[in-house]
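Comments concern the structure below.
By written order: A, B, C and D. Residues from 1 in each chain.
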Amino acid sequence: MRGMKLGGRTTMKVRTYGRHFKEGSKNLVRNGWMTFASISAVTVMLLVVGAFLAVIMNINHFADSLEEDVEIRVFIDRDAETSEQDNLEENIDTLSGVDTIDYIPRDEGLEDFIDSLGDEGDYFESLREENPLNDVFVVNAENPEQTDRLAADIEGMDHVENLEYGQDIFEQLFSATDFIRIAGIVLIAGLLFTAIFLIANTIKLTIIARKTEIGIMKLVGATNSFIRWPFFIEGLLLGILGSILPIAALTYGYDQLYHAIGERTGLDFFEFLPPYPMLLQISVLLVVTGAVVGVWGSLMSVRKFLKV
Amino acid sequence: MRGMKLGGRTTMKVRTYGRHFKEGSKNLVRNGWMTFASISAVTVMLLVVGAFLAVIMNINHFADSLEEDVEIRVFIDRDAETSEQDNLEENIDTLSGVDTIDYIPRDEGLEDFIDSLGDEGDYFESLREENPLNDVFVVNAENPEQTDRLAADIEGMDHVENLEYGQDIFEQLFSATDFIRIAGIVLIAGLLFTAIFLIANTIKLTIIARKTEIGIMKLVGATNSFIRWPFFIEGLLLGILGSILPIAALTYGYDQLYHAIGERTGLDFFEFLPPYPMLLQISVLLVVTGAVVGVWGSLMSVRKFLKV
Amino acid sequence: MIQMQDVWKTYPNGVMAINGMTIHIDSGEFVYIVGSSGAGKSSFIKMLYREEKPTRGEIFIDDKKLADYKERHIPYLRRNMGVVFQDFKLLPGLTVFENIAFALEVIEEKKDEIKRRVMQVLDIVRLKNKARFYPHELSGGEQQRVAIARAIVNNPSVLIADEPTGNLDPDTSWEIMHILEEINDRGTTVLMATHNREIVNSMRKRVIAIEGGRIARDEVRGTYNNES
Amino acid sequence: MIQMQDVWKTYPNGVMAINGMTIHIDSGEFVYIVGSSGAGKSSFIKMLYREEKPTRGEIFIDDKKLADYKERHIPYLRRNMGVVFQDFKLLPGLTVFENIAFALEVIEEKKDEIKRRVMQVLDIVRLKNKARFYPHELSGGEQQRVAIARAIVNNPSVLIADEPTGNLDPDTSWEIMHILEEINDRGTTVLMATHNREIVNSMRKRVIAIEGGRIARDEVRGTYNNES
């Protein structure tokens, strides 16, 4: 008998890669309905994941902007002179972590207050005669977490009569946004896991149907890697093809939404995230998820039929 | 040749139904991994649908309770005598659709107002000397949609100086809750559709793997309905078995959540829906969806292999 | 009684498998179908139980046109025919017993009767000890014998066998042939496609030779090869 | 050179298919394996290319213990053996051409060379005109010939054929036998399980008869049945 090659040639010839690629893409066509089933599973699941990701990113963005609104209102002693007020402003300005300082004279404050009451405000017009309010500095921290420390520092300064930074609301909001963020991550992780599970499931089913064929290939002398390569390509293509539609739909849909609603939103405290970096991030995530799950599902399923 | 039965006996013998049931359940075991794939697809999808359903039902409930808060504030002429006020109250009461009428004397109103301002309210203590407010009737409609009509009716009455029912906020809220409701329905419908699609897909894949077998059965003289019955049973069992876990998880999870968070929620304007009727409704929906999709997916897929 | 009138069969891929066949087989006959590989024997047989439909021409079974059968009546046609498929066509998920029983469950036979009959035919093909095995646990010849058992279990009026001895040793082949002869003696029409020259030449019966989709020879007590 | 030393094979379901076989086949031999249905011929053959592993005993191929082969070296073992499976084992999704080409793609043969060789063997089994067909579009015998073509296409050192003429008419069977003889003349060891008494008795070669999983007879220029 002629010498048997036992060395297990580990490098493959280039033309063989070409063959694997051709074979892998051919299989997509050959398996017709099965390919459709797999791709549509990828499509549908990625669409759900992508849509939720967009929603959650927007909610997080909203939560961030809420946090940014946290401000310290410094009520200035009614007796303080203009120079003393200027002094106080400079003192505040030297604190690290201060972003902006706005000055609201008491008259302006009353005006705003009466306006904010709407119709009912009319009954307080009389207050204009003897304005009961203080002049106020509105201090914004660079970082909402510094608010606490800044407030403590400012409180000790001269000519500060009083100080308000809504500890309650602030903390409530802060934990609420944290909660939203965590819930969002959990939700997305759960959906992603579900998607991965179902996609891998579907691919597995299509490969089980080819169990006998894999066995035959082995009996005819194919190595495991020779059999695996076309499946690798197939899984990759499945995942990438399956992510095209969700990405297109999300990009188009979000863009439309952004321009239609985002610009004239009744809720002016809420602002949509601009499409540009977000959609790109989501698209990359979807393609990568699709490709990885496709390849992984495919190779995992082939593996157990290779032992022949 | 002996006479051929062409009549197509349409009624099946009872023992044959027994056989189909046994065969259908046996197939679940025989197809091992395929059964697992199908059931887990049902499980996962129903879990997602069920969870979202619970969330959306709660949000709708919240939206409902917001709507219920819509009230009309009737500012009574400051010159009106007590008897005239009583007269007005009676007149309002005769209007159809009025649920409750509360009387808030001007002093109480000012108290509430000053309280609501918190610290800043202190500066308005002086107002107590000459209260600028009116006495007020707070009218609640039985049905938030009637608010508009009631307001118009009341406005024409004697001794009504002014009337406030927050058209803006009301309408904004109203359209917001409508939006939430519609978005919720769309979301659930989308998820349900996705679930149905993926479940049917998975079942189809498991049945494609039995294509040849269905063909053989036909060649051996089985009628279509003889072949279909075990698949019907199988689909039914798949769906029902697949809905058990989501129902159990949702029931347990929601109950825990309700008792842990629901009772001591910081947001006291928000109230969790009580578990009882809701979880039952969701459970029924899930079982029925599972069973219907299971059977439908199964029979649809078998159908096209029956033409042999 | 089986009749074919100028039947043609062209497969979707363009292969002309049967090219004008006219034939008449009486009830109770025993017929060998012979011919080289690819001659059209299986195609001829498949048209009888309607696995394939002729492209042209008419087939009559019991004086009834096959083309007139409604789709939903085909199962009843097949129940009166026992077929041994060239590739066995056993259900892989069912045991030997269940595979054979299936042909009886389909006609809603009683459970006890099913059991009795299945064990009886398993005895005939000498596979009683393999009743609980699955097809993939059997040798080629054993699978073929299961296929034969399934074909005869419901006493069909016509038995159609496509190379039923292809995977059997000569002794077992002869046993099977004697079974077929016995069934034929009891009035069943038997059609059998075969390559087994020895059998055809020893057990003389009507021989229909197919060549290129046409009937090349039709002899009452013929031999495998042309005697001329 | 193939060697078996006291080999036993019991299947998971308890069937004892091979019960102590010791055998020695030299390079370049032509051996018929005969025996009744279920005797253990296929089981014997399957152990040679490691579709099945023996329960006990050692098998040597080219003086190398089969048990010593690592899982990942098995493909290289199989590439030196051409196998005609009893149930053909053609890939249903590939055309006839692609099925045969597969055995060459596996050894990373050049495209042109693949094409040349495949067409050459298709010519040998006389199926050149069916190159673009799929297995299910072929007759039983045609499928069997494709399986034979695939087994010989890469000039294996050993050709193992499990009833390669079971679905072939006598003429085609003889053609195939002459091909096998020619291949054997060129130095290839040929092992062939068969039920074809005519062939075994006319083309005299070494005959190994298996009965109940044991070697019942081993004759250098034997016949199908025991001559005693």
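We take it that a contact is a pair of C-beta atoms (placed from the backbone, for glycine too) under 8 Å apart; a residue touches a chain by one contact, two chains touch by 3 or more.
It should be emphasised that the depicted structure is a prediction, and the values quoted were computed from it without experimental measurement.
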Quiz prompt | Intersection of contact partners for chain A and chain B | solution = none
Quiz item: By CA centroid distance, what chain is farthest from chain C?
Solution: A
Quiz prompt | Where chain B and chain D are represented by their mean Cα positions, the distance between them in whole Å | solution = 66
Exercise. Can you check how far apart chain C and chain D are, centre to centre, with Cα atoms defining each centre and the answer in Å?
Key: 29
Quiz prompt | Whole-Å gap between the CA centroids of chain A and chain D | solution = 61
Quiz item: Where does chain C touch two or more other chains at once, residue-wise?
Solution: none
Self-check item: Contacts with 2+ other chains: residues of chain B
Solution: none
Quiz item: Which word fits how the chains touch one another: line, ring, star, complete or other?
Solution: ring
Self-check item: Touching pairs among all chains present in the structure
Solution: A-B, A-D, B-C, C-D
Exercise. Would you pull the chain B residues touching chain C in the complex into a rising list?
Key: 1-2, 4-6, 8, 12-13, 15-16, 19, 27, 30-31, 213, 216-224, 226, 307-308
Self-check item: Sites on chain D touched by chain A in the complex
Solution: 1, 27, 49, 51, 61-62, 64, 71-80, 83, 85, 89-93, 102-103, 105-108, 110-111, 150, 157-158, 189
Quiz prompt | For the chain B and chain A complex, residues of the former touching the latter | solution = 33-34, 37, 40-41, 44-45, 48, 119, 123-124, 126-127, 132-133, 162, 164, 172, 191, 194, 197-198, 201-202, 204-206, 208-209, 266
Quiz item: Can you list the chain C residues touching chain D in their complex?
Solution: 11, 13, 15, 34-39, 41-43, 86-87, 133, 137-142, 144-145, 162-163, 166-173, 195, 197-198, 224
